[in-house]
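A, B, C and D label the chains in the order they appear, each numbered from 1.
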Amino acid sequence: MTATRIATSTPEDVIIRGKSLTRDLIGKLSFTEMLCLTILGEVPAPPRIAAIDACLVALVEHGLTPSAIATRLVYGSAPEAMQGAVAAGLLGVGGRFVGTVEGCAVLLARIAASADPAREAAAIVAETKTPLPGFGHDTHKPDDPRTPVLFAVARTHGIAGRHVAALELLGTALDAAKRRHITINATGAVAAVLADAGIPFEIMRGFALIARCAGLVGHVHEEQRDPAMRTIWEAADAAVQYTEE
Amino acid sequence: MTATRIATSTPEDVIIRGKSLTRDLIGKLSFTEMLCLTILGEVPAPPRIAAIDACLVALVEHGLTPSAIATRLVYGSAPEAMQGAVAAGLLGVGGRFVGTVEGCAVLLARIAASADPAREAAAIVAETKTPLPGFGHDTHKPDDPRTPVLFAVARTHGIAGRHVAALELLGTALDAAKRRHITINATGAVAAVLADAGIPFEIMRGFALIARCAGLVGHVHEEQRDPAMRTIWEAADAAVQYTEE
Amino acid sequence: MTATRIATSTPEDVIIRGKSLTRDLIGKLSFTEMLCLTILGEVPAPPRIAAIDACLVALVEHGLTPSAIATRLVYGSAPEAMQGAVAAGLLGVGGRFVGTVEGCAVLLARIAASADPAREAAAIVAETKTPLPGFGHDTHKPDDPRTPVLFAVARTHGIAGRHVAALELLGTALDAAKRRHITINATGAVAAVLADAGIPFEIMRGFALIARCAGLVGHVHEEQRDPAMRTIWEAADAAVQYTEE
Amino acid sequence: MTATRIATSTPEDVIIRGKSLTRDLIGKLSFTEMLCLTILGEVPAPPRIAAIDACLVALVEHGLTPSAIATRLVYGSAPEAMQGAVAAGLLGVGGRFVGTVEGCAVLLARIAASADPAREAAAIVAETKTPLPGFGHDTHKPDDPRTPVLFAVARTHGIAGRHVAALELLGTALDAAKRRHITINATGAVAAVLADAGIPFEIMRGFALIARCAGLVGHVHEEQRDPAMRTIWEAADAAVQYTEE
């Protein structure tokens, strides 16, 4: 018999991670505490919650990203199903954008576990041919302004630890190898802070999905009130022209 | 015990709608025949297949539609999962675009079932406040060029019947009421031809999804070879500007 | 020029609803406050946040719902793209399950705006043929235990107002008409509390999507650690058997 | 200026890959020919179409797969949006199931390009730790019955070439290394036949998506007529039980 440890429901209650939804959770936990409980199986202490809140807040919204545009176009085409518009945008939270959180966290774990973290960071830089996940940003140059703020929140609450240190070592190694400065971006900082807050690397993309889901709902609501869908469509259509071979 | 009549598999074969996949279907049916078999439970005769093929061909591709743009943006963001990019585009095949096939077909069924079809068509026009599904087109003015071709294919193969006639009555009634010409668009024509080919109205959007799925795969392949994603993104971002309240 | 009021980014910052992400938001707002800011354009005061938190907490998780099963099956089939698995589950947050929040809220607004709310509630019951959205539950009988807890939170924080009252009137009218008790379910209670907390009805499904997104991430993480996907698949396959026509 | 070579529309026509939709395509091409035109930029000759049709037919339907179950559950939860149900199922056409087509095709290309194909096949077997994509099947044991039929169609039409030969070499090498017989499965055979029919490996998963899209529409239609959704849900729920930690 396969088992789940997440939840079950009875006529009188819903039991989630061993707690009563009606007695222990509704009105007792914040949404951030609740989402940690359901995903991780426990409610983190306040300093960890503060760090996780900071990471979620940082990832909610970044303007007209490809995800937000996809959500708006799908909502305008199929307004009967808001869930489809939000799902379409979430499908863009993948390997090339926010999914880099995961790739970076794997590297940080290697560095954090090493007897000689600085040497390990240099080895990672040397062996990596493609851009290092968590580094560089098209808009935020020369430095991603979110990174020091995330680190500061993590330090204030005593959360910053081996993974934040590993990310800084990786940045130093990268700058030395490239002989120029490449910024630690927000997904790198989120990877380090979430790792130090005890979030397993393989589910970090899930935290990005929750944060971005909220942002995409915001874009749906603006489409409801003040639609930009046709403008987006026409601008895209005008920018890509048909050419016969 | 709930039952399915679609398919089952054994070690030696897959049985689909009572037929052996290996003996009766692979190499024996075209893809169009096969998709009708799986959806409808039977392989339509060649004239019906010709009409269905014409409708599928008509719906595959219409350039940089909102669906195609969503697919390209999601593919560029999450290239690890082509299925996500195609799914994002299909989520835009909804109530405002191709989904109108279904809305139109319901009206055609009412007219076709009436003792006085012309009167029923006029009644539908009189009672409908919003744009009639299947009529009007932003680009194709004054007339959608696909409509007469779809009707011609249906007539050539002896498929055109009560529903094509109903759509023409509806067009006549609409023009009379509006005192101007409003074109029957391709989704209207597809609704009429598919109805006369025996496709139930409630699954017509499914045929649109299959056709558009093929078109979206084409857009993914062009992104693989010659990406337009960043151009689309930048054009959309430039067209919608931030304003504080 | 079409405008967005949500966000823009500069090299030095991201401006969201007129606030600096790095100075005003990260480390300053909880995730619930942030998601309200991005969707609604303002940060609600603490009592409203408490009511919204209670609604989000109530909707996160309800065991092996159809959404959760869809997420698990898709994750097991395409583990390269967690975003696809979460999107698949969210696509099930629709008209028949959590989407009833929206349908209920529309009725509550009618009652709340009426000069004679009790009469309006009775009129709605009389004119509605299908099950009233927000009433009845398969599992939670005779009463949904989440409803009184949500109401209590709303009352404690002084949020309960015209919409909670309207829902209670609607329940009284429904019981009188049916001559038996039908419970106000959690989606009904969420509709009333969110409405009294100032959430527009047309975006309420968005709050359900954010809450459920978190729950679905929990199911993905359990699939990563302790997969149930094959068990689910085999049980479903065994329960639906093939029958030739 | 970025360009697309797929399609553009004018008031009078839609031009797809340089051809007039109304004069050259509707009523002139089968759906299979049309989908090849839009994806590949040309209409393959009849023998290639026969091979591609065989592959599409083989992939349409395989009973209650995880994809089909996801589609049925989402349709039952959100019947307002058939596109969401089909999209949910397509999201399961990924790396572990049909997506193996792509992984297999990459190996076949290596073998086909080698001066000593048999040696290259043996090298691939030796270096691959995980199951070889395109080999083995849970249900179809000891041999997948679809594989010889797909090969026979390809041979009858003169399409079978270097990639079919490469797959047979790979099978021989695998059996020799394992000292037991492991079947070439249908996704392996599809990879070989599509490759010999000139389909680039990176878009093969797209052909699987089109075929499976048709199959999923069939499952939606059965849900419309004869819903199995609740049975599936209850069976899944009963099979996975809640356990506290």
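Brief remarks on what is shown
We adopt the following convention: a contact is a pair of C-beta atoms (placed from the backbone, for glycine too) under 8 Å apart; a residue touches a chain by one contact, two chains touch by 3 or more.
No experiment lies behind these values; they were computed from the predicted model shown.
The interface with the greater number of C-beta contacts, when C-D is set against B-C, is C-D. Rounded to a multiple of 5, the C-alpha superposition of subunit A onto subunit B involves a rotation of 180 degrees.
On a Cα centroid basis, the chain most remote from subunit A in this structure is B.
Mean C-alpha position of subunit C lies 37 Å from that of subunit D. Between the CA-based centres of subunit B and subunit D the separation comes to 22 Å, rounded to the whole angstrom. Each chain gets a centre from the mean of its Cα atoms; for subunit B and subunit C, those two points are 32 Å apart.
Residue numbers of subunit D whose C-beta contacts span two or more other chains: 2-8, 63-64, 78, 80-81, 83-84, 87-88, 91-94, 99, 228, 231-232, 239-240, 242.
Those residues of subunit A whose C-beta lies close enough to touch subunit B in the complex are 63-67, 69-70, 73-74, 76-81, 84-85, 87-88, 91-97, 99, 228-229, 231-240, 242.
Of all residues in subunit D, only 2-14, 16, 21-22, 25-27, 29-32, 34-35, 38-40, 50, 52-54, 56-58, 60-64, 81-84, 86-88, 90-94, 99, 139-141, 145-146, 149-150, 152-153, 156, 200, 202-203, 205-207, 209-211, 213-215, 217-222, 224, 226, 228, 231-232 touch subunit B in the complex they form. On the side of subunit A, the complex with subunit D involves touching residues 1-8, 15, 18, 41, 78, 80-81, 83-84, 87, 91, 239-245.
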